[in-house]
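Before any comments, here is the structure.
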Amino acid sequence: MEYNLIVNQEKKSIDAVISDQNIKVQTKSKAYNASFMTISDYHILLNVDGQNFNAYVWNDGGTKTVIIKGRSYEVLDADLVEQNSSGEKSFASNARVVASPMPAVVICVLAQVGDRVKKGQGLVIVSAMKMETTLFAPFDGTISGINAKEGDKVMPADILVDIEKD
Amino acid sequence: MEYNLIVNQEKKSIDAVISDQNIKVQTKSKAYNASFMTISDYHILLNVDGQNFNAYVWNDGGTKTVIIKGRSYEVLDADLVEQNSSGEKSFASNARVVASPMPAVVICVLAQVGDRVKKGQGLVIVSAMKMETTLFAPFDGTISGINAKEGDKVMPADILVDIEKD
Amino acid sequence: MFDKILIANRGEIALRVINTCRDMGIKTVAVYSDADQKAGHVIFSDEAIYLGPSEPSLSYLNMDGIIAAAKQTQAQAIHPGYGFLSENHEFAQRCRDEGIVFIGPTAEVIRNLGDKITSRKIMVAGGVPVTPGLIHCETEMIALMDAAEKIGYPVLVKATAGGGGKGIRIVNSPEEIGEAVASASREALKAFGNGEVYIEKFFSKARHIEFQILADKHGNTIHLFERECSIQRRHQKIIEETPSLALTPELRHKMGAAAVKAAKASHYENAGTVEFLLDEGNHFYFLEINTRLQVEHPITEMTTGVDLVKHQIEIAAGKKLGLRQKDIQPRGHAIECRIYAEDPEHDFLPSPGKIRFMKEPTGPGIRNDCGVYQGFEVPVDYDPILSKLVVHAQTRDQAVSKMIKALQDYIVLGVKTPIEFMMDVLNSRPFRNSEVFTDFIETHFSGWKADRDLADVAMIAFIADALGGARTNAHSYSSAKETASPWDTLGNWKL
Amino acid sequence: MFDKILIANRGEIALRVINTCRDMGIKTVAVYSDADQKAGHVIFSDEAIYLGPSEPSLSYLNMDGIIAAAKQTQAQAIHPGYGFLSENHEFAQRCRDEGIVFIGPTAEVIRNLGDKITSRKIMVAGGVPVTPGLIHCETEMIALMDAAEKIGYPVLVKATAGGGGKGIRIVNSPEEIGEAVASASREALKAFGNGEVYIEKFFSKARHIEFQILADKHGNTIHLFERECSIQRRHQKIIEETPSLALTPELRHKMGAAAVKAAKASHYENAGTVEFLLDEGNHFYFLEINTRLQVEHPITEMTTGVDLVKHQIEIAAGKKLGLRQKDIQPRGHAIECRIYAEDPEHDFLPSPGKIRFMKEPTGPGIRNDCGVYQGFEVPVDYDPILSKLVVHAQTRDQAVSKMIKALQDYIVLGVKTPIEFMMDVLNSRPFRNSEVFTDFIETHFSGWKADRDLADVAMIAFIADALGGARTNAHSYSSAKETASPWDTLGNWKL
């Protein structure tokens, strides 16, 4: 069976033959002989070509965070991503808006609708966990909408400022 | 609501009035005002009259093992026990048989059917976790059945020797 | 000795204090806010008193509420931890007025040393060298720019009441000074209730070396040697170690003596930390005295075998310090890594949220002072520290190896952490060579991305997880009340 | 130095060794039996090789299989842990013949010291005092009874190859000697492959004091001070501490010197333990040298700051001991409690089964060398040790308090443990006063029942749990493959 996966933003195709607890994997350049054991809800012991690897896996709505030897990998199924994103706004549209990179509280809005702004100009100051962060204009443009005011609690998906690109 | 509980083999009746996360409890001699919070699958934080108690609870088929401040309590519902045991052999019948106190392997059977045995006489030697234990006759009597042989793996519920009491 | 102590703090440091209180047979009272109803310090105290909403000013900075909680529970003393009210002289005074022992220095000492200007004056008078800069506050932009010009850029804008990396800004040119002052002042006002600032010289190539001190009410003052705290991000320490490889025995002795002198000059009592900058020419400058327990105090505990919190409590109770200077014989090497909920690949932005899975490292020589647990929601409202991971070994090399192993074994799913980043820092040649200065992260790890060489194994794990069936849907067993969002309990979120 | 080490053991000690190997950058190979497919040492090694069925003779005592595993994985050395093949001279010889380094003394030394009779002869010749008794084996019942009469009852029947509390019986009168010999002999034969026995004087009022030694291949031998191991059940230590309050500095010095003398007399190398009995008149008698790492070695590591496993590996690799006697300066007080799966209310009977929930204690000065985890099935086939809980503090009183706290925080659901029992022992007046002799448990805790004073709170917990709804059915999410019985994977059980 072919898997089209995205590992840390990079597309990778691998072929896996599965029988019971054994997985034979073929990537572009390498072949692996693996088996696995479930240790607990989030912990899988992998044996890959005779070497032990402890993988800790959290499945967050399709994207799996996998920690191996202290390093974390974000792995998702590329085919599923394509299905889901067809018909939706592409990610590129994010470039036209300003959003908070984290759950935060709005400290101060530095611009208003209709303002002409330059790339790098501070638009909103947010605060999370006692740290202030300034959100900047990603390009020159005109502000077409502001959806946040001082004291608002905002999430990463929230669009705080819309900018019409020049 | 009245609860008839058995705590470490001792019957206790308490009255509990429950509303949401609050429990008002009345025992024979004391009244308590309690609330609780679920911390994880096995961990409850109790507040009893303003004092914190961390209770770790495992429900093993009706008998709950509760650990508080490092001490463990076996708690079960007396009413349920009565329902279940009605019609069954009473616990007292155990006194007529010899069983292993733990999962174990039979090392040696020291008696045979028809033997007259005295209280305290060794009947079976079992071994678990590298330790040998001798099972003794609980009273004088005649052996009416032997249900174990060397090498058998046995469980606590298994009756290894039946004795007809004198 | 006290029967009961209230801990006016939260998270890992509150649990750290609870730990020693339990060792000493002292009952503990926790206080908490809305966001912390299920926090570790609430769970593992003997009593927990609700203070108010999550905003610090309404909870952990709420003096009235905390004093009332102490009275209600008949706590005889208050341990302030670090941050929040720990260096607030009004609070120390308030405790005294109410007949409650404040576990720390007197209000006067805190006021004098908490004000960076006053403390600089005391040290200058006491003959302890201080960093070049103003010894008065300044709000006039022109005067600030004049002073900066005189000291020479880069300079630091510092809140006189600042600390813990807050209320501090580097200024490289006159153009930046205005926004830096405004932002440092605002941050300090919010965190410490005082927005006054001044400026001092910024040493881009310096080490941050601090000395732990203990002083009782009877005039006995000792130091417990140094901590090297040069690895910082956003002016906040993230990796600390002791001993410092930069100190010769002579320099160590000289700085230790200066630390004791600084403590005596300020009539210090209880545990404290004298911070020095050490420049490339091995000149040291007094920076400040932190009048509280330091986040990084465990590395001193590991090498000296001394429980600092125990001594804090004993000193506050009026006991004589049982230790003399010659009793303090450090052994081996200790390192601390601060594990925050943050994303080192994105400028260390905070990463609050629910901890889905957590596995703490254990083993000989490993200590993890942890404030959170699997299932806990790391709130957005406070400093995102999850735990302090500390190791101790016979030599520095062994300690570094042990820390890397411990980091590999520290699994946190649900929030981002700097674990990988720390591994790479510890493995780097400059760190191995102890070429650590306060610009270490900017110089060597700017724009850092994790080197993830086991992508193939990660894909195999992805497949194995998919084959695991029911197991991977483990969180589906949660009751309907529980939801995936960390926000639904937090009230009026704009969603 | 070795690149890769095979650990011919299981459970907590295998993990203990893996820990130090990882600190040293050495790869590890685990071996395992059917019962241990998901054991901690299998999970956390770099490679794991299957040996065979659960019976020790077919797995952990299977020399051919272990040697083959080392060859297959190209491990250059084998660490035997304690128990199993650790004191088997044939195995040490076999390793040498196969070109694999055995991490321990030479085969000759193990053979000499493993035979209690030979070792008694060596010590007598070397001027080290031994316990009164036979210095030859005896199978003739009449000769044994004669000797017993001469020494005076009570006597001990001891397997010459015994150890770890196995193959040893107290005999109070001539009538008991027959069954005692048979049972000790059978137990020893099964555990060590040798059923020979002898007898020696049993001191009912004695302390068990042992000294840790380290000796390299270059003639350097040091001791790392004593461990007090008097608290025993079924002749197996369960609580150990260091230092011993029974030793004056003079006696400590004398016994330390005797330990080094014993090591040199036997041409000892690597880590070992010289065991002494100390009677009420402060006379000490050589008991035996344990030619391996001891279960209780961590308390010595805590007070001396020395990683004994690291030195074992370095010595085996031919390195010179970097430590001199004067480098060993113990600090503070350390205590170990052995946490077994056993029921102290029922004669410490083993309690195998699945660990449903486990929470390890953590905090400053706490170390838990643990071989199991939540979800693991403790097998019936091996010694039921779950972990060694160790604490370290500045004084004995503080260490005792810290241990009691740690025990309170150690939660194990699914199997029984002696945690409550340990709490009561540590809290008892004779323990607090250090009135500890090898008969401590029989004298003070015979027929012990837990004092459970929070029954009312337990009932409230019962009700709260019932109100918790879905949560309490947590295990119902387990996949259908998983069952409640620990036995269904074990083959031909009679059920």
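Think of it as A, B, C and D in the order they're written, each chain with its own count starting at 1.
FYI, a contact is a pair of C-beta atoms (placed from the backbone, for glycine too) under 8 Å apart; a residue touches a chain by one contact, two chains touch by 3 or more.
Computed from a predicted structure; not experimentally measured.
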Farthest chain from subunit C, going by mean C-alpha coordinates, please.
B
Which pair, A-D or A-C, has more C-beta contacts?
A-C
Go ahead and note the Å separation of the Cα centroids belonging to subunit B and subunit C.
49
Could you put a whole-Å number on the gap between the CA centroids of subunit A and subunit C?
30
Roughly how far is subunit A from subunit B, going centre to centre by Cα mean, in whole Å?
52
Using the touch rule from the top of the page, what residues of subunit D touch 2 or more other chains?
471, 474
Identify all positions of subunit A at which a residue touches two or more other chains, and write them in rising order.
none
Flag every residue of subunit B that touches subunit D in the complex, lowest number first.
3, 5, 7-8, 10, 12, 14, 16, 18, 21, 23, 25, 27, 30, 32, 34, 36, 38, 41-44, 46, 48, 53, 55-61, 64-73, 75, 101-105, 128-133, 148, 152-155, 158
Subunit A contact footprint on subunit C (complex, rising order):
166, 183, 186-187, 191, 234, 341, 346, 349-353, 356-357, 359, 380-384, 407-411, 413-414, 419-420, 423, 450-452, 454-465, 467-468, 471-472, 474, 484, 486-487, 490, 492-495
Residue ranges of subunit D in contact with subunit C within the complex
16, 19-20, 22-25, 298, 301, 305-307, 329, 331-332, 360, 362-365, 367-370, 393-394, 398, 401-402, 405, 469-471, 474, 476-479
Residues of subunit A defined as touching subunit D within the complex
37, 39-40, 45, 47, 50-52, 54
In the complex with subunit A, residue positions of subunit D that touch it:
37-38, 42-48, 373-375
